[in-house]
């Protein structure tokens, strides 16, 4: 069943290591068939190089396995909560990609500092509050999904306009119209997170003295001036 | 028409992902035939791996498509403004390359901190002022070009000596005598931006204590001293 | 003798350059046969590309060479001290991998800042005290092992729950149930160290102003709004 | 003439891009035949991919071309000054490699912060004073060599024990017993420079709060505890 969706979810999962978003088994992609009310997701803890499309696990909206030989990703209930509350989402990605996870660990939203961000995300990429001890000890993955939804509802953020969230102390979830689009947004998030990190730090930094201008003159002119002597004679 | 120029602009575009300056479709290269008054540019939003030389779009100096099946890059009018005002420019590149974009997002010029910079750029690489709301909401891409030109004119900067600019909150444009040279300058800019970032931060940092000298002695001498025992016996 | 263990230790050693944990000969892996009381370890200072399984050196628990044509790794006595005091350890890795070494040189434990850390390490990854001059000048490698064990004993840290340590001013040792598991933990340590570094710095940083909202609106809407004009017309 | 030395210098030059120390033509390697008093060096501004062993230029100790169709590297006179004053040097490398250049641009010596440094370099890697205007405008490359020698003489640094220097605002020179050894030291310098940069910054940073311990417990235990549910059932 869901042969095409399994193939897509499988291929989208393989993009995670290919795009340097995960090492080992540190990520998972799912996709949904909204008509049938079924979700296809990566099995838990299986290496990407050993995956095949048929290893993908089919579950219903309560997380019951409908088809598949493996346990689904342990993050399954977080994925389902996103599908239930964000009706236009067709695919979900979770990774521990470096730069997005850095902001999550810093417990900070990623501010919109540039047009690369604005090309994909409308405003800050929010960071959830930390889960409480009770939320953590009971139904942790479900509650992770609930705190994501809470973040968007209380912040009045449109999940179609901001297809990404940072779970505090943990890492990113992204989504999109299908599994590939969700991976695309995970890649974009990583770039945006890396650039925001460095933009803020250098903005807050203090300029030092320029290179002495006579050294600058010397170097520019020995390559580009009328008496340039770098390289070989032009023919 | 312009078969050779299309081929060059096509090849120069492919250098952008090859040199790690862009992911997805985040960049574009153009080249000009000054005699004919025509510009060849990448089509908008087309993946690099699907491009062919014939997909390049030919436009006149007002941005009208003269030949080609696709829409030109959405940044076309910025390219044209650069060609119109900087008469020695033969090729233009726009990317969201990481390190140059970081400085653009920090809204800072890149100061000349070293001879690598001075080998290619004569003085600071300027950052434009932000566009006003009015400039943004009407003719955004044209006004982006205008603010670039304004930056060079008001700063009395010679675009032949500084073949790069940072558009505030956005990213870099570079240029050169042809499309390949413009890409070359985009690669150089990225190196210079990365090194300036780190030079400034470590210049402003505070030295910590050295490794204890007896540990330093031990490690150096076990490899290089008269009684060295690292590695295999020398024959 | 120990043909299978030699093969595994050989393969685990090759993973070090493959996973970008070492350049040149800057690392070594060992494995133990607890029944026989023998350890297999990389020879000292031999390039990874020239290694073969038969080059692995077999030593007893006092460090005497039992089989092999080469000198064992100069860090051998540190490995042995770990095996002697941490009874569940089956493999040990030492590298100068960049991010773990950075924390070691900063003489700081790596704090648990995120769930990636918590997935593998239960609490801080400790950093030893520096060795004293006397410890350094006599039996340096043995004393390095002793200070590692001291760090776990005095800190009441369970080495099965924290399979990694930073030796002050030097670099990391990791371990696991076998040589492959020890390498796995070395890779994880590197990711965790890199992310903790950046999480702390950006947590302590000061947010700057967002991109002007009218520029953000413009960029998001020209790609995603009802009058989007980025890319090609949708069919 | 010098067929073997040319081959070695050629191969050592190719290692520069292979080891990510240079892009384009941003580096050069030379080697010396001390008996004949001749130096073999890369030609200036020629791409690495176009080089052949016969393109190497042979010069005497005054910099006169003895054999070769090309101009020698523009940094030749700096190389010669190093050979003349450091009698055990058999090969010299100059690059603009990122991390070493960053410290050079920051105009700071690289402090010995760890044993990786101490394995190769005995104490700080010095940074020269900036050249004066007069030194820059007359005989720039010769004076660059002179200021390197001055740095070692006035600092009483043994060039056999510290085979590297940072030229202020410019970049590194390294040396060794032959051209390959000089490249090896250039690679080591890059690692050491990168790690010192980050060690100092994180040493000076302020620890933030750990992840809440109940989240840490949850993640560690769902993978490693008695009721672990991550991954597939163990067989």
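The chains carry the letters A, B, C and D, assigned in the order they are written, with residues numbered from 1 in each.
Please note the rule applied: a contact is a pair of C-beta atoms (placed from the backbone, for glycine too) under 8 Å apart; a residue touches a chain by one contact, two chains touch by 3 or more.
By chain, with names taken from UniProt: A, B, C, D = L-ribulose-5-phosphate 4-epimerase.
This one's a predicted model, so the numbers in the text were calculated from it and none came from an experiment.
Seen from the C-alpha centroid of chain A, the farthest chain centroid is that of D.
Overlaying chain A on chain C by C-alpha atoms takes a rotation of 90 degrees, rounded in steps of 5.
Averaging Cα coordinates per chain places chain B and chain D 26 Å apart. With centres defined as mean CA coordinates, chain D is found 36 Å away from chain A. In chain C, the residues that touch at least two other chains are 105-106, 113-115, 169-170, 199-201, 203, 208, 211, 215, 218. Note for the complex: chain D touches chain B at residues 23-24, 26, 96, 98-99, 101-108, 111-115, 117-124, 161, 169-171, 197, 199-201, 203-204. Across the complex, chain C meets chain B through its residues 25, 43-46, 70-71, 74, 105-106, 130-131, 133, 136-137, 140, 169-170, 208, 211-212, 214-215, 218, 222, 229-233. Those residues of chain A that touch chain B in the complex are listed here as 113-116, 184, 187-188, 191, 194-196, 198-203, 205-208, 210-211, 215-220, 223-224.
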